[in-house]
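Each chain gets a letter, A, B, C, D and E, in the order it is written, and its residues are counted from 1.
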Amino acid sequence: NSGNEVPLIFAAASVSDVLTESAAIYERETGMQVEFSFGGSLTLANQIAKFGAPADGVFFVGEEPKTILGELVNPVPEGSIGLVNTLLVIGFKDAEHVGTLSDLAASDAQVVIADPALAPAGQFAKQALESAGVWQDIENDLIFAVDVRAVLAAVESGNSDYGIVYRTDAFGSDSVSIMSEIYEGYSPIIYVGRSVKLAENSASAVEFFEFLSKSPTVRDVFESAGFTIGFAGEAGT
Amino acid sequence: MNSDISIVALSLQIALVATAVTLPVGMLVAWLLVRKQFRGKFVLDVFVSLPLALPPVVVGYALLWLVGTNGWIGRLSESVFGSTLAFTWIAAVLAAAIVSLPLVVRSFAAALAGVDPRLEVAARGLGAGSIRTFLTITLPLAYRGVIAGVLLGFVRALSEFGATIIVAGNIPGRTQTLPSAIFTRISAGDTDDAWRLALVSVVLGVIALAVHNWLLKRTANGISSSNGGSR
Amino acid sequence: MISFDIRLNRPEFSLSAKGEFDDGITAVFGPSGAGKSSLLNCLAGSIKPSDGWVTLDGATLYSGPDGVWVSPEKRRIGTVYQDGALFPHLSVRKNIEFGWKLLPEDQRRLDPVEIAELLGLTHLLDRAPNELSGGERQRVAIARALATSPALLLLDEPLASLDAARRGSILNYLSRVHTEFSMPMIYVSHSVSEVVSIASSAMLLRDGEVQGFDRPSTLLLGAASAGDEFESFDNILDGVIGDSTDHLTTVRVGDVNISTRHQNKNLGDRVVVSLGANQIILASDEPKNLSARNIFKGSVSEIWSNTGKVFTEIDVGEKFIVELTENALNDLGITVGQNVFLVFKSSSVDVYDA
Amino acid sequence: MISFDIRLNRPEFSLSAKGEFDDGITAVFGPSGAGKSSLLNCLAGSIKPSDGWVTLDGATLYSGPDGVWVSPEKRRIGTVYQDGALFPHLSVRKNIEFGWKLLPEDQRRLDPVEIAELLGLTHLLDRAPNELSGGERQRVAIARALATSPALLLLDEPLASLDAARRGSILNYLSRVHTEFSMPMIYVSHSVSEVVSIASSAMLLRDGEVQGFDRPSTLLLGAASAGDEFESFDNILDGVIGDSTDHLTTVRVGDVNISTRHQNKNLGDRVVVSLGANQIILASDEPKNLSARNIFKGSVSEIWSNTGKVFTEIDVGEKFIVELTENALNDLGITVGQNVFLVFKSSSVDVYDA
Amino acid sequence: MNSDISIVALSLQIALVATAVTLPVGMLVAWLLVRKQFRGKFVLDVFVSLPLALPPVVVGYALLWLVGTNGWIGRLSESVFGSTLAFTWIAAVLAAAIVSLPLVVRSFAAALAGVDPRLEVAARGLGAGSIRTFLTITLPLAYRGVIAGVLLGFVRALSEFGATIIVAGNIPGRTQTLPSAIFTRISAGDTDDAWRLALVSVVLGVIALAVHNWLLKRTANGISSSNGGSR
């Protein structure tokens, strides 16, 4: 029945490469296929929640998208794989070193973060700055970029001195210097898969997510991209 | 690389079909706007121009409403094809056609309006009906604007992203066009890949422009085999 | 036969014209801005009159009251526009063939290639209109309209920028087409010699009003009287070619044998003869030893004068109008009924195909 | 004075013309497609010749070898284009004032309002060009060029679609402008009477080659002989207005007093007289009781023939050329040196301002 | 509502300034393309048309590089203003101008090319230099395409999103334009608000279109005070 159909999974564009690779492994090992539609996490959530887009599963990060989807998606099953990311403060190559978020706030320099209203990365950055108690201080020096790649580009091109991005983004760039890693003060940044409740191929999506959780090959793919691997239940999803 | 080719092929397919749609529709609308007086003319004018005034994302959401299960296009297509058009390449064609239509209509309209009506009258007097007159006199005389409109429309369709990604998604192999592929690569940090695809876009644009210029010259030559020395 | 009674209202001009043109060639003349082109455009359907009606061979083409409007392409009326209106994107050949190609085969009475040949356009067929001289453009416009074998041909000053030789040969060709294909024509012109040589009737327009409609000669006389549209009056007569020598050709007009320059025509050909009223001399006694080849005896049938010019009608079998000065009239003591001699040169006579 | 020696090569046509035009009015004529418009365009700078040079009043406007090219706006040459080339987006008034406004005040010799008045355009000033009749458009084109008070005025068949009355008055106006402002003109026309009445010299072009350059009368004769550009030859003579009665005016041409129709001119006015060679009759004995007002005794000074026409030159103090038929020549037995009488009507004579 | 007004004001400011830039630049480029022959003409043609062939996001990234410390615009502006232009409203103007330039150039070029060169020649002969001829003859005769080009350019600038948000960001009160505000609202799930702003965009578009039509008619009237009855 419909369980044999190819599921369509709406996934964050930032993990498109690792998911595409995993799908190839999935097909090689099980003969089954999966399709993705990539976009911003919020955009994808809105497409499904507000416009009835035909997604069988979702794979993205952050609270806001989850809130938007609410009851439309199933909870993450126990033991599902999660791709864990952390935040970094990065700086333009000849920018002065800042060690902590307080230093950053004190520097008076322009700081780019992703727009909290547009991208989960922005929400995480905001949480971190708030819990460091520097949000008020830094608010006027902040620039909101559309997404985390735009943050990276703004710093790489020297238009801003500092920015807050995901660890995985910074690893790919050699034209920025890493100032400091932020370990706490924000919700865990975890990309997880969820199936969409009433979707036709919901079951096939679940099958794919299960495969991701079990396959060691897939885990290698994720790790080599810079993610830490976690599993539901471990880190309070 | 293989997937590059299929992305380009799909993009071309979508842009070409969109152009094939906007060409006659745009011509009809431009003709109505320029040569006819009717109630609701301004409404039509606004209607075809709207997509230009709105950010494509909005157009995308509006389209998604229309082709979704609740929109009338959606219901129609569900009863015909058994499914909605959303997240199919046809949705991408729709998106591309709608955003490029204003460019096409505006170019065509300016060109048609510039044709000397006395030549149309002369053609009628020689026995050509209004349709034949349009095809053999008006259209060829408006060629610059027509060719420019087609170029603008085609290239705009080729670079359409905002509306497409909303209504057709970004499904590799099915609806992923060059612009959405570039976006995906950028988001994933694949900058080199992204620039490579951007370069492909540029090459397609240059080819389209070259064809445009060639058509322009060819038509101009057909129209007056030499301009040299003419007062 | 085309009949019409139309009104056309423009901000600063209104045309009001009623007429019935037979299947001959009708000349329309009048000063610049009189409404000649406007009238032609109303007949052809290029512009819609404000009111009135137009019928061609009995069929209504336009009727204001009844709301009838036959679109121009269905009227079978060919027009040679004053400004040519050639299609700039088509070669001369394609311009000429444009309407012809739209005709059903059996209605193609004239061959475009032949028309082009006769109008001296053959070497220009592959040119674009903007590569033509002014006169060449006019000829293409004529060819294009002729090629559609229209039921009625409208010509709006078609020969304005042509030299006399070319003009003569085209006029000739037009009258031949007229008779051969019985194609009625309406011909707008400022040139007396054109009007007189080609038309069988004429309408005079002035300020949008019809001021007269008659035989060209009669009307032109009136026009001359009314306001100098033309400098002189021409006698226009039907004739038949008679004997020819190397240098002279006799044309029989009624019972009168007129000597003309040698004509390349055949015995018995029907022709039209034009002779300026101011080119005829009257003599009260029979003149002798004159170089003039035409001397005819006749009697004065009428004398009248117009804006300082005196005209006499002399009956020599045919009636000729002669322009005189007051002095000559008095000196010769010419009165109605008196016998006089008409004197004119063979080179004063122009001969055209009928 | 404009001098030129230019070549213009086109795919199927090449023009090669050399000439020097004085500050009078020079007519350029020749058949359709001869290159008349092309020549004018080369002088005005509308098109660039392939080679050669052009100088105006000593200043080089163009020189192929030296790479000199004065752009058209600096040439002070006004052009009346064959097709008008009116600016469609400007009113008649703005068209006429276009070039005038660009002139420094002290160079504005002619007043646009007055020009418009004289060309009968006053009521059309607020119209758009596409709301004009063909003849009205031509007049606007003339007005526009005149208003720039050019150092040289080029007229390309400016009167082709005008009625005779209008034509006469514009010709008059043009010659007045010519003398009053000593504005040299080059005038392209197919109409003999125009050429003859206005020009002091003439150039004949055919197939892009200069075939002659002379006084208009002399050249027109050659043209007639060479290929019927014109149907007839006109005698053109300088004269002075003599006595007038109500109906007749005497014009003194040398020692000969010619009777003409009444002229609205003053005693002593200088005029040009035009008389068709085919409107003069020769008599071997003195004719009597003729309506013709002009009978002069003279002697035959020359006889020649051209394409079937015979011409004689008769010296009656002034020399007149008379066209005869071979038959007349033989019948009258006319030989060189013989005494003959010239006979022509006063209405055969056209009189123009000099 | 208050912030709505400031968003609209900023959007208009950006679009108007962008139009003020593209109008002369577009005219110059169109004139060069149509009337001049020079080496590198096709390169210029490609260069101004490129932004149409690329998804705006790519244009945005490219611009971000150009205005950055290593880009030439960036170096220039740093030496003038002491900082780069990124994330300022001027960057938004740049983005809007660049993406609308191709539309403007294409419309202008088609219109200029359609002007009868004989009328230009006639103007030269009447004493007008080449610049005056261009301004008084060529431009007015090309009015339809010029007006259409300005409309297309302005409205495109107004709806520009993809490039703007990358190079100028989305800073309320400073660089947040209508499209970015709409996108923000949609992303935040504020659909009602988003639609309201979209409606504002539509209204602006309609006004622009109405002005365009009015200008067109006015100019046409100025050019020929009546067309009625003309053959």
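FYI, contacts are C-beta pairs under 8 Å (C-beta built on N, C-alpha and C of every residue); 3 or more make two chains touch, one makes a residue touch a chain.
Just so it is clear, the structure is predicted and the values come from calculations on it, not from any experiment.
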item: Other chains in touch with both chain C and chain E; value: B, D
item: Longest centre-to-centre distance from chain C, chain (CA-based); value: A
item: Centre-to-centre distance between chain E and chain A (centres being mean Cα positions), rounded to whole Å; value: 36
item: Rounded Å distance, chain D centre to chain E centre (Cα mean); value: 55
item: Chain A: positions in contact with at least two other chains; value: 40, 43
item: Residues of chain E engaged with two or more neighbouring chains; value: 61, 118, 121, 183, 186, 226-227, 230-231
item: Junction residues of chain C - those touching two or more other chains; value: 10, 37, 46, 81, 83, 127, 131
item: Sites on chain A touched by chain E in the complex; value: 40, 42-43, 46, 49-50, 68, 92, 110, 112, 115, 117-118, 143-146, 150, 153-154, 156-160
item: Residues of chain B defined as touching chain E within the complex; value: 42, 45-46, 49-50, 52-58, 61, 102-103, 106-107, 109-111, 113-114, 117-118, 121, 144-145, 147-148, 151-152, 155-156, 158-162, 178-179, 182-183, 186, 194, 198, 201-202, 204-206, 208-210, 213, 227, 230-231
item: Residue numbers on chain E that touch chain D, as the complex places them; value: 118-119, 121-130, 132-133, 136-137, 140-141, 143, 222-227, 230
item: In the complex, chain C residues that touch chain B; value: 44-46, 71-73, 75-79, 81, 83, 85, 87-89, 91, 98-99, 102-103, 126-128, 130-131, 144-145, 148
item: Chain B residues touching chain A - in the complex, by the definition given at the top; value: 61, 64-65, 68-70, 84, 86-87, 165-166, 169-175, 180, 183-191
